[in-house]
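For reference, chains read A, B, C and D in written order, and residue numbers begin at 1 within each chain.
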Amino acid sequence: SSGTPETVIPGASSYNGLNLVPQMGWNNWNAFHCDVSEDLLLSTAQSMIDLGLRDLGYNHLVLDDCWSIGRNSSGYLVADYVKFPSGMASIADRLHSMGYKFGMYSSAGVFTCGKYPGSLGYEQKDADLWASWGVDYLKYDNCFNQGQSGTPKLSFDRYNIMSQALNATGREIVYSMCNWGNDDPFDWAYTIANSGRMSGDIYDSFNRPDARCPCTSAIGCAWPGFHCSVMNILNKMAAITSRTMSGYFNDMDMLEVGNGGQTDSEYVVHFSMWAINSSPLLIGTNIPTLSAANLAILSNPAIIALNQDASAGAAVRKYQYLVDPDETGEGEIALWTRTLDNGDTVIALLNAANTTMIMNATMEDIFFDQATSGAYTTPPQLLATWDIYDLWANRMPEEEAAAIINGTAATIGFNSTSTTRYNATATSYAEGLANNNTALMGVKVGEIAPSGTFSAEVVRHSVGVYRLRAQAGIQMRKRDEL
Amino acid sequence: SSGTPETVIPGASSYNGLNLVPQMGWNNWNAFHCDVSEDLLLSTAQSMIDLGLRDLGYNHLVLDDCWSIGRNSSGYLVADYVKFPSGMASIADRLHSMGYKFGMYSSAGVFTCGKYPGSLGYEQKDADLWASWGVDYLKYDNCFNQGQSGTPKLSFDRYNIMSQALNATGREIVYSMCNWGNDDPFDWAYTIANSGRMSGDIYDSFNRPDARCPCTSAIGCAWPGFHCSVMNILNKMAAITSRTMSGYFNDMDMLEVGNGGQTDSEYVVHFSMWAINSSPLLIGTNIPTLSAANLAILSNPAIIALNQDASAGAAVRKYQYLVDPDETGEGEIALWTRTLDNGDTVIALLNAANTTMIMNATMEDIFFDQATSGAYTTPPQLLATWDIYDLWANRMPEEEAAAIINGTAATIGFNSTSTTRYNATATSYAEGLANNNTALMGVKVGEIAPSGTFSAEVVRHSVGVYRLRAQAGIQMRKRDEL
Amino acid sequence: SSGTPETVIPGASSYNGLNLVPQMGWNNWNAFHCDVSEDLLLSTAQSMIDLGLRDLGYNHLVLDDCWSIGRNSSGYLVADYVKFPSGMASIADRLHSMGYKFGMYSSAGVFTCGKYPGSLGYEQKDADLWASWGVDYLKYDNCFNQGQSGTPKLSFDRYNIMSQALNATGREIVYSMCNWGNDDPFDWAYTIANSGRMSGDIYDSFNRPDARCPCTSAIGCAWPGFHCSVMNILNKMAAITSRTMSGYFNDMDMLEVGNGGQTDSEYVVHFSMWAINSSPLLIGTNIPTLSAANLAILSNPAIIALNQDASAGAAVRKYQYLVDPDETGEGEIALWTRTLDNGDTVIALLNAANTTMIMNATMEDIFFDQATSGAYTTPPQLLATWDIYDLWANRMPEEEAAAIINGTAATIGFNSTSTTRYNATATSYAEGLANNNTALMGVKVGEIAPSGTFSAEVVRHSVGVYRLRAQAGIQMRKRDEL
Amino acid sequence: SSGTPETVIPGASSYNGLNLVPQMGWNNWNAFHCDVSEDLLLSTAQSMIDLGLRDLGYNHLVLDDCWSIGRNSSGYLVADYVKFPSGMASIADRLHSMGYKFGMYSSAGVFTCGKYPGSLGYEQKDADLWASWGVDYLKYDNCFNQGQSGTPKLSFDRYNIMSQALNATGREIVYSMCNWGNDDPFDWAYTIANSGRMSGDIYDSFNRPDARCPCTSAIGCAWPGFHCSVMNILNKMAAITSRTMSGYFNDMDMLEVGNGGQTDSEYVVHFSMWAINSSPLLIGTNIPTLSAANLAILSNPAIIALNQDASAGAAVRKYQYLVDPDETGEGEIALWTRTLDNGDTVIALLNAANTTMIMNATMEDIFFDQATSGAYTTPPQLLATWDIYDLWANRMPEEEAAAIINGTAATIGFNSTSTTRYNATATSYAEGLANNNTALMGVKVGEIAPSGTFSAEVVRHSVGVYRLRAQAGIQMRKRDEL
């Protein structure tokens, strides 16, 4: 009867039950912009299988802007039959059969950013159409929004309409907001979306300031712009780290790895810092032209395992010192840390300065949050001795990566005993970690004891990423602070 | 008849008649977060009685987040019967019988910060339920607010709904807003609430800047964050000091004294500056683990008497010099002053610099406001000679505090003649002050005459707090400036 | 017929036809705060007549906050019959008979700043009551406004309700908005009010920054605060100078002259800069205690004539150099200029630095606006030779001021030939200027020719104010730039 | 049937199909302000024909503020019959017959900036009247807007009303928004207008900061003000460059060339930078007083061709170094570049420093965007060798300009073979460029090869503007990045 308490599970791990860890996949925009086609999607999907990327978890194929030719007389969008002769439903079917989720794109405005028809005012029609096609994912942009912004409420209400429309289709569709951090979505989008961009568009530069990306803080950024560098976006994360949650991720934008604008070590920084901050990992390059070195970066399962960790949180910038600028005028060193689901801790010693640095992380730095969050007793983390694993030590050799690209890679031992390769379709990252899979753990390079300090030499524009695991006998309590 | 003037008392000292001086008590969050239980509340209540804390005025027991297991089919919240097997009404009864008010928590959003069900859209149901349980106090948080912020109007309207709901219950419930200063509640919340947070969450650090607490000003802070240090919060108060009023207090967040992240003298600063700024004083530590030193801080009746003074105003930062930073990059000295209800004046010489300082307060500094507020004649304050009482001089010795903790403290002379202990349940602070109770007055350490200067040596990260009382024959007019 | 064009006069010089030049008068707040009474108003009115202030133009007597005892059962405000035993209508009558306009006060909130009943929701009732009493002027404050702010629209709508209510009474009532510049009223209040405060409250300090007045710009100042210095307020004017217009004046707040917090030359700066910026001039001190020196400042008709000039504009800060700070950390020199209705130009050489300065104003500085406003030919101003009159040269000697205060001042020659005294009731400032009345023109101290430079020694914290009049034969076109 | 897809052309190149390249013409405000008349319009129109300006593309004659005498009893505006005795319809007819479009002015407020009646609340009546007169263009100002601003939504909604009203007339009317960049129109006005001001009003100064133009960024500028210098406005463009599009141009305000406040080379900067940023080019001076030198600036067809290029985009500031300030305290050098419709690239080496500079542009600087926009292969631009044409090399000699002014200029060879003169009425710029018309191409001054650097000496407060054309054989892909 109505008098009987019927309890509901408190809280929610995702507004629609989806995307409990960050989405991974590929999006055509960064490399192809409007040059989209059925062939591009399907051949990319196959290449990613061949390179092992799908099985590392990159299993969303997202078609970005410029796919329609307008609306029909009933108000439904019409896909461009020249670019997509088989039709979207057929493409979705084939991607599904290849083990992918299929993503599409629109804008919460009257046009998309490419001036194709936008979904403002057509939310339910468009959602219904996508659902009928078998679409699994929507990237929803912010262009031409008719000035419906300026307060969190204005943006929330506009994006919520599509959220409700997607729900109403009955199909499971991951909702990826792309309003560039305007009106501070990290403060309100968790209840209506699965991820939300928190910055203007990335460009393929490590740290060069560009006049078109005027904000250096995500907060209250009225004009996010584009041409934002890796370091610009990374540091915007520092203030909003607490608002990354299971089911809603602060999206640092698609990866530039492979596009040629950064050095190898800069791409290592980019990929590592996106991963540990639980940003969605959408590859944004032309897969068939991937170099062996770049494939090795994108394929590091030890780093991807951080991203896909069930803790689903962003890292914390424990210190940042502005030092030693390069020709862009930018220079810094920083320590970022994050606690993982199994009690492990990850630390990143980031050298964005202009020369090699000896960098330090003390136990006090690493476990500072535990010590200052009302811990009236010394937190157990500070009493433990931790093994330190270098997560880039097992980076795939270029020869091996080249062999994968050439289709000549050996498969002997792959997955179960490989130190460089991993198949997450076969064995989840969580299971692999529980089994101490070497490919996920990197190489042990030392220990840190109570009151100790870990030091590492980090070259210019690079990062050292380490997994710390407490030695046996210490039970770490997970943090539940908010 | 309707023609007869029926005058109403102009103004109001509180929107609901409650909380004319700042609330005091205990809240579990800082030390326990979600680890809450019936036992924690009741055992803490008893410990606080045993330590004399209840009778010093700490008489609100506030249960923070994570107490429910959802809503029933009628839409009412259901308390977690594992954590609270007796039920909330029973717990409230027992706390009442022990001399406490019982506080609970919710959020003006669809979830609490811990992702338990929030009260947005359920305001009256939730208020009615709390009233039915005998709840006396609501802490009302700001998480998951559906973007209903961005102008003072949006936040006011959202928080006002609960204010009206609480009033409609007919029960006297203190309404403690916790929107972190977002949308400048110090400018509008007086008419709907009894206190309002003015900053992001405190953490147990004296002055370390943290990227997660990005604002250094309370005004227009769109993203208050958390991990805000004692000095960060204190200096945010400087601009909004005039908006602390009887019945509405700017809440600097719960105390960290006892949690181990600060030195003894830093906790003295924290406690003293919260007290003189009429912040609510909610102890935020594990009572059974309180050290003797920390008990001595929380138990200084001379400082508490400042907080509970009927003047109910915040202090004024008369000067601030940024000097002599420590390893955090922060360093300053400052003079804060406040006029009390009986005409006494309190001054705080705050040394947040890195070394011992000789600090000065001139008569012109102390009574600057009186001299510049249209005083066409010299204000009487500048013509008086004032006795100076050091309010930390009678700090309870650690031996005595340890004896209280051990249950071996003597009771002889307690309250009437003790210089260190006080029972405000028995004798109000106002009465004690009128009687020049030594425990409230500290120790006279000097005088200051017209045009004079008071100097004191203040060690690194500490504060000297002094009550000035005009010598006989001078009648001080209280300020009524707004 | 409806087909006949019925032209309306384009534009308006005031939204309600009132206050074409800035209001002058007296307001009790700065000196008396809530200590108000019938006797204070009436005795002040008489003193101002005796001192010649009324006839200099100070003819509004404004009663500020704290005059009511609540609302009656019909919702009408009830005046405090202890403070005002004759009743407000009687007081208004007597002030009218003495040649004054009578001003009152309320707030666009649920309370006044002193927590007396405010007018929000009672606008028409209150306006009707004031009109029935014969009130001529309303100062309308911003306290306790229920969060109805945050965009210009929110503030405009709230203040417009009272504007319409005053109009609806049928009585001519000057509407003086006091929302402290919040939401940028200089951008929208011209069409609904006669003046609008553009800063937080003044205090009696020349240039000391105070934490409670956090804004240094008027624009977007969300928290105007109070304890704003003369220099703080003055420099806030620099950006909004174009929005002072006949019928709507940017109100820099009431005068502090006479209250003792500033030196004589600082008060000269305060009074001069308020005057040339067309701020309302409301004396804010206790008239019976006015010193001779302060009376001489407030009585300088040559300066008042600038304020009452029909050009009704604010001055322009042509240059500002931050130099030579004093103990407050502030220091600057600046040139302000303004074009007057008859083509004369006024220049103010302001020395807010810490030492005596030789200050320069070149022809290019003074007439920079004329040269850069699309003047495809050299503007006539740059081709003229100008006589320079020092407007403080005829400052009333202290002996004379003392004689006025003592009631022993000679009246021989007063007004028609006096160099120090003026009766604007008898002869308007415009007429006096047309007749070259010496009291309005000061003393000629030099000339400036094309390409020339005027130099003057200006002592610390003082200002030289000069009227420039083109020598015969040059016709100056008045600027109509917007 | 309704089942048949009826595709619509995706996107739009203009909200109303008009103004695909920036409007050019003349507006009276900068030089004449309210001194407007029928004679001024018609004589200016004739002068511009005589000087060849109309045929260079300056074919909008825009009457600014101060033309009405109010509204008639039916609510329609009435033109001032003293200033415009023939009536507006007749003036429009004559301008049309002379080959001009006729523009008028109003404000989205209750008054225009000159306090004439504004159109707020009368949008359809006013639009209908203008259409009935044959008006082709509306400049729509922002004064006296009743506080309807503060969020993009508030401004969008207010300006959209007039947009819809103009559309409803059925007449083609270019809609030129003039809200000074308030509420960031570059983010929302594309769908409702043809251009939008992005800054406060210009004044005739190269780089002097003025207190009345307080913003140095276009973004979030709540108080745009006026008296903004050329460099102030130019640098505001740097962040919003991506939001200039065919059909909607960011309007940097009317030209000051000819008004005498800047040096010849400063006017060259002003004109060049407005042109390459696709700002509308509205001459703002008294045509009959144009000097030969100034005519030569306004008549450079090689620069105008940049402005009228179908690419319709703004330039990008590739670097800016703040160096070598002059007496205003301002100093910088900067490189701006832009890709043109035919694959050519324009570069501007801007020296706003105080001395002559040797300035460099490397291939990497020039084609930085191509290299960092996901180009996984080296972009073809970096592989080409480019011819470099100096677009000011063929500046019309003063003698020739003087002859045009005197009416003695030879017409032999004009247009087809002239290196200095051009008739765009006869031959479009696009056609001329396709034919390598010398007047549009300037003089070849060098080449730049892969990895090369172009260097030029640029004198103080000047700019070098160069068109780069890839040597034969290289096919440049146009950018479609958004």
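Here is the rule we use: a residue touches a chain if its C-beta (ideal position, glycine included) is under 8 Å from a C-beta of that chain, and two chains touch if they have at least 3 such contacts.
All values reported here derive from a predicted model rather than from experimental measurement.
Superposition angle, chain A onto chain B, using Cα atoms only: 90 degrees, a multiple of 5 between 0 and 180. Interface residue usage between chain A and chain D, two copies of one sequence, is largely distinct: under half of the residue numbers at the contact are used by both copies. Separating the centre of chain A from that of chain D, both taken as means of CA atoms, is a distance of 41 Å. Inter-chain centre distance (chain B to chain D, centres taken as mean C-alpha positions): 59 Å.
In chain A, the positions touching at least two other chains are 150-151, 154.
Looking at the complex, you find that chain B touches chain A at residues 29-34, 65, 68-74, 78, 110-111, 113-117, 143-151, 154, 203-205, 211-212, 214, 222-223, 225-227, 256, 258-261, 284-286, 289. Contacts from chain B toward chain C in the complex involve residues 2, 4-12, 150-157, 183-184, 187-188, 190-191, 217, 219-220, 238-242, 316-317, 320, 369, 371-378, 480-482.
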